[in-house]
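Heads up, the next two complexes both have chain A, just with different partners, chain B and then chain C.
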Partner chain A sequence: MGYDIYYWLQAVVNGLMNGGVYALIAVSMTLVFGVLRLVNFAHGALVTVGMYLSLTLFEAPFGINPYLALIPGLALLFGFGWVLYVGLLDRIMKAPLLMQLTFTLGLLVVLEASMEMIWHNDPRRVRIVGMASRIEFGELYVSQSRLIAFVAALVLAGLFWAMLRYTWRGAAISAAAQNPDAAQLVGIPRRSTLAFTFAIATAATGAAGMLLAPFVTMFPYVGHSFLGAAFAAMVIGTEGNILGALVGGILVGLAEALGATWMGDNYKDAFVFGMVLIMLILRPEGLFRAKSGV
Partner chain B sequence: MQKVESSSSAPSEPGITLPASISGKGTPWIFLGLIALAAILAPTVLGRYGMTIGITLLYSAYLASAWNVVAGYAGQLSLAHGAFFGVGAYASVYFYTQWGISPWIGMVFGALISGAIAAGLGAVSFRYKLTGAYFAIATLAFAEILRVLINSSQYLGQGSGLVINLQEPGWWIMQFNDPKYFYFIFLTMMIGILFVMRWLSRSRFGYRLAAIRESEIVAESLGINPRREKLLAFVLSAILVAPAGSVYSQFLLFVDPPTFLGLTVAVAIILPALVGGTGTILGPLIGAVVLVGVTELLSHFALRPGISLFAYGMILILSVLLMPRGIWPTLHDAWVRRRAKK
Partner chain C sequence: MKFVNKNAGKRLFAALALVGVSSMAMAADTIRIASVDAMSGPVGNLGTDTYNAEQIAVDEINAAGGIKSMGGALLELVPYDTESKVQTGQLQTERAISEGAVMILGTAQSSVTMGTTTVAERAKIPHIVTGSAADSITDRGYKFTFRILVTSTLVASTYVQKLEEIFAQYGRKPESVVVVFEDSAYGQSNSKRYTKAFGDAGIKYQELSFKTGSTDLSGLASRLRRVDADAMIYAGYVKDVVTLVEALREADVNFDYVNTSVGTTDPAFMKAIGADDAEGYIGIQYFNPNVSAPGNPDGPQKFYDSYRERFGRDPGLTSAMGYTAVRIAYKALEATGSTDPEALRAVLADLELRPEDGHILPYESVKFDETGQNVNANSPWAQIINGRLEIVAPAENATAKPLLPMPTWAEKEAKR
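== the complex of A and B ==
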């Protein structure tokens, strides 16, 4: 039964690779939840924004390599997130939950519809020559673009974590997450801290999209499945816990790949959302403790 | 104006602004009667195209009203209503295409199945105290799982869905030559659900739901069992949503996952209630008038694919920013305040 084992091991490898990218998306979502106390339904659409950004930079006359494009991409996405927060989200920070959820749903619809208007509803992909090549380890293989995405996503998530842990900005964000009023009393500006948080989360989420662009076919509504994965990872990793979201993302990637191998590709979303339901019911506090700190 | 004469819907105590649902003591019967009369006579004036708009209007108002029962009155943001709507559609179409059972009977089964699913989902969610955002995420997760399962089910036609064969028109099989019959079915349903919401607005059950919506802890301390009441509201809402799916699938003569299931469908169901005003009787209907009106206007300019969806999203965002309680409560209160000044 050697074949069978490799078949499953290959699923584990694929799951790990996807899980790395989910982790980056989940880390930013959990940060938004922990600091802004906002469940952002538009988060999946931000991944799609990153994918189309990568496509646009790639297909521009000067044609930027998708991985080099991460540098201007991160800056653009950061700016986009900042504008979204200052222009829109800041107004609903004190609104009741129903209003906030409505608002982010509206944002989701607007973002996706805008992308449909700009790029149309055709499947697209960033095609880099040679990137489809595989790297083989004995019986197992991984495509080059997936491996790059995995490593880059984990590096970005690590930088994200280090920023929160070791910089003044990060300390300010943690303070705002724990007690916004007290943070304001000791001189941490509420609005710009929250704007910075949302902007950096947008940059990370969009970066995940940019990393996915070379091997995931994009269309304006592709973000829905990432939304599910991010919810699952966030709930598994305990809302607001960065390292938890990182582990959660990888677990979701593994569950999805193993589920798809077991039941067929059509069912993989069912496994992801199934994990969400089971976690909410059995262990709503997540696998990790320490709810307060980021 | 006639409306002012016949109505006494101002709050009994000036200065206290109750939600429109609670303050609505008197009903402007003459005004509503005129609208109903106009709606009944509309098919004689409007052509086929006008009828299609009328159907869209009534059916989105109906769906939003049904969602309003659990979200507006009980304050539980369900994102599973896309799934309940789809269950109603799939049940009646499957029963008809497979066994030749009349869609009217299939509709009843669809509503029962939908209610049973809601009972299961609700019992688990409320048992484990999933409120607020957690309830929204749980219902979203459930709806997506159901979509995946139906999308992969061979019996239900997988991604391409089921098609109803065109036959000799007749009431028993719910197929008609003229869309006006569907218009009348939806009109009847809409009037029916207005009475359901009227009952909710003034019954003890409705008051219990409002108490839970405002504060579950306070409601519980007053002897209300939130778990039981929320579950009842959720099941009632799911039972109400499903028949609209059955009738709409007969109108389209097919059922498939993109049209009847998923997050986009759920958002479309929710929207009119949010724009018009949740927790009110007329809010969903008014929201539907605004939304269908805007979409129709935009469709005449035929700009780009996605533009009407874009407008939908913008209306959603703007209504939260400008009229966070919805159009109807905002207008209603402004009118009451003006009357109180005089």
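== the complex of A and C ==
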């Protein structure tokens, strides 16, 4: 099998598309880590929740187009995130690290089992009939749904960043990230700020799932693969750094695709995490060392 | 059913319980058989589909008066979920035996069945294998293992024959194939057998591999886009097949013939891909309601109808194996008149499940050779034609003429 330039160029295209979605997942994960100081293993399951939400809205009697479904979807996911935080996570914010890890791991297991009970373990997919499958340019091609996901994910990640940078809520979140006690002293309500942070992160993560639904085979445990990619992206981009996570996500997507082309599909994960390991040794602070993450 | 007690004490209890199990079962009005299968986890759909069918057979038998030679004792089917895991499968088998099961039925995965049959063999409890094809399961000289399904070797050795049969109907001969395999033990052992079979038949072949459970196979698809071959062969589970077919669609990859083994014929495939996009794909189908079992012309359709009526969907890949396993268990119990494991084993070794016993598979009867392998087992191929699964090979089972070449993506899109 030849390794001519076509394979590499096509791999770059494929990798970029995936990278955009990884970026959105990593951005929300890094926010949760930076502000709540929480390593959220359930993050992958939130991607899956988004996918099934898209499927449910799509298959409902009134059948919403999966891209239009993003509007009610984001609101529903925001609400879900808020409830998760206020109902559960808020109770363990002051708990020791091991307890927090166990808690989010447990949340992952419970969320996935619940999805299996509701939607069963059959592979599912949101099938949009009537949309062109691909756009071709010369010998290269890009899948239309992947292209939409890429653009939408970057737009959402951009909005996310702008919200943190330019709104009062964003300033409150940044303050809470930098010094939670001082933030509380100057009148920033701790609980609702953290709840808002987690809810907006849940919305972003779930939105990534909704964007994936038209081209990724969904089943209750599919989120695991995105969890790994998001961790890698977050670490590469320096934990807590939004723009870093964005770049990290795209790099992970590219590394995966190029690794698959170079070493074969079986070794792409090993290639990505091999890179992460090397980077952790050579540059443990990540690519984007920043004073304040968010 | 997911609770697994890992205490050593439990095992001791299991051993103690074994001693008294046959007398306990005799005293009760019910005879317990265990469905040890994947009811959750990655292949949870397969085990569930099998267990569902087992319930149908049990209810039929009980409604007809139970086991007459044992005073009308009723069959009791108890599910034990392996969670698609080797270790859980073993523990659940131990638990089933300790809870009085006189026979084990299962499982959907060869790797798990390797463990469950070992536990059953040690405890001297008959194990009827429903959905696992790995040769090694019946290669170990086990006395208590009986398999209904074909072996992987048989699947591969009849493969070229069926492939040539399909191409011959269009005056062609398959000259080159590309074999796509997943990196698990299942995919690799299959790939080896196929490539050997193709090599022996003088068919040009090349291999590509991928990682099972991948969420994105666009890299693989971009390679396949450049492969020039008459046929694409793939062996793997339905989730991977759905992902692969989606990647083929995105990359506009077309072959005249694509066989995705057990993936295509899983009802979940057509549901996820959509009947129009699934058109033309070929795969193994052990049971088809339109293929009458010799001597039992209505049996297959009757089973199919009761399955659909009760569970609201089509039987899965190995559902018919589950139904058959219960029918075998019943015939053995009726003939033995007791639950003595040694006596049951001896009866099973000589047993023949015939049409009048509720045999619904597309061959004469089920009977086992000295390794415990069903000597008549076969692996017909079905193709999705006009949104229905039709058997296209071997010729004696065929319900329709194969579609060759299968429609391209451009043709499918033009039809929408």
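A few comments on the model shown:
Operating definition for what follows: the second predicted complex is superposed on the first by the 284 of 294 C-alpha atoms of A that agree within 3 Å, B and C clash if a C-alpha of one lies under 4 Å from a C-alpha of the other, contacts with A are read in each partner's own complex, and residues count from 1 in each chain.
One rule holds for everything that comes next: contacts are C-beta pairs under 8 Å (C-beta built on N, C-alpha and C of every residue); 3 or more make two chains touch, one makes a residue touch a chain.
The structure presented is a predicted model; accordingly, all values stated were derived computationally and were not measured.
In the three-chain model built by superposing on chain A, chain B clashes with chain C.
When the two complexes are overlaid on their common chain A, residue A:107 makes contact with chain B while staying clear of chain C.
Legend: residue contacts after superposition of the two complexes on their common chain; A:273 is shown touching chain B, with no touch to chain C. When the two complexes are overlaid on their common chain A, residue A:231 makes contact with chain B while staying clear of chain C.
When the two structures are aligned on the shared chain, A:99 is found in touch with chain B, with no touch to chain C. In the superposition on chain A, contact of A:264 is made with both chain B and chain C. When both complexes are overlaid on chain A, the residue A:39 reaches chain B alone and has no touch with chain C. In the superposed model, A:116 makes contact with both chain B and chain C. By the touch criterion defined above, A:86 reaches neither chain B nor chain C. Once the two complexes are overlaid on the shared chain, A:11 sits against chain C while remaining clear of chain B. Among 1-9, 55-63, 127-135 or 307-315, the region of chain C with C-alpha atoms clashing against chain B is 1-9. Common to the chain B and chain C contact sets on chain A are residues 116, 120-121, 221, 264, 266, 269. Of all residues in chain C, those touching chain A in their complex are 40-42, 44-45, 183, 206, 208-211, 213-220, 222-223, 226, 238-239, 242-243, 246, 249-252, 268-269, 271-274, 277, 409, 413, 416. Taken together, the chain A residues at the contact with chain B in this complex read 39, 88, 91-92, 95, 97-99, 101-103, 105-117, 120-121, 220-221, 224, 228, 231, 235, 264, 266-267, 269-270, 273-274, 276-277, 280-281, 284. If you check the complex, the residues on chain A that touch chain C are 1, 6-7, 10-11, 14, 18, 116, 120-125, 127, 129-130, 133-134, 136, 141, 143, 146, 215-217, 219, 221-222, 225-226, 257, 260-261, 264-266, 268-269.
Residue ranges of chain B in contact with chain A, taken from their complex: 71, 75, 77, 124, 128-130, 132-134, 136-138, 140-142, 144-145, 148-149, 151-152, 262-264, 267, 270, 274, 278, 304-307, 309-310, 312-317, 320-321, 324.
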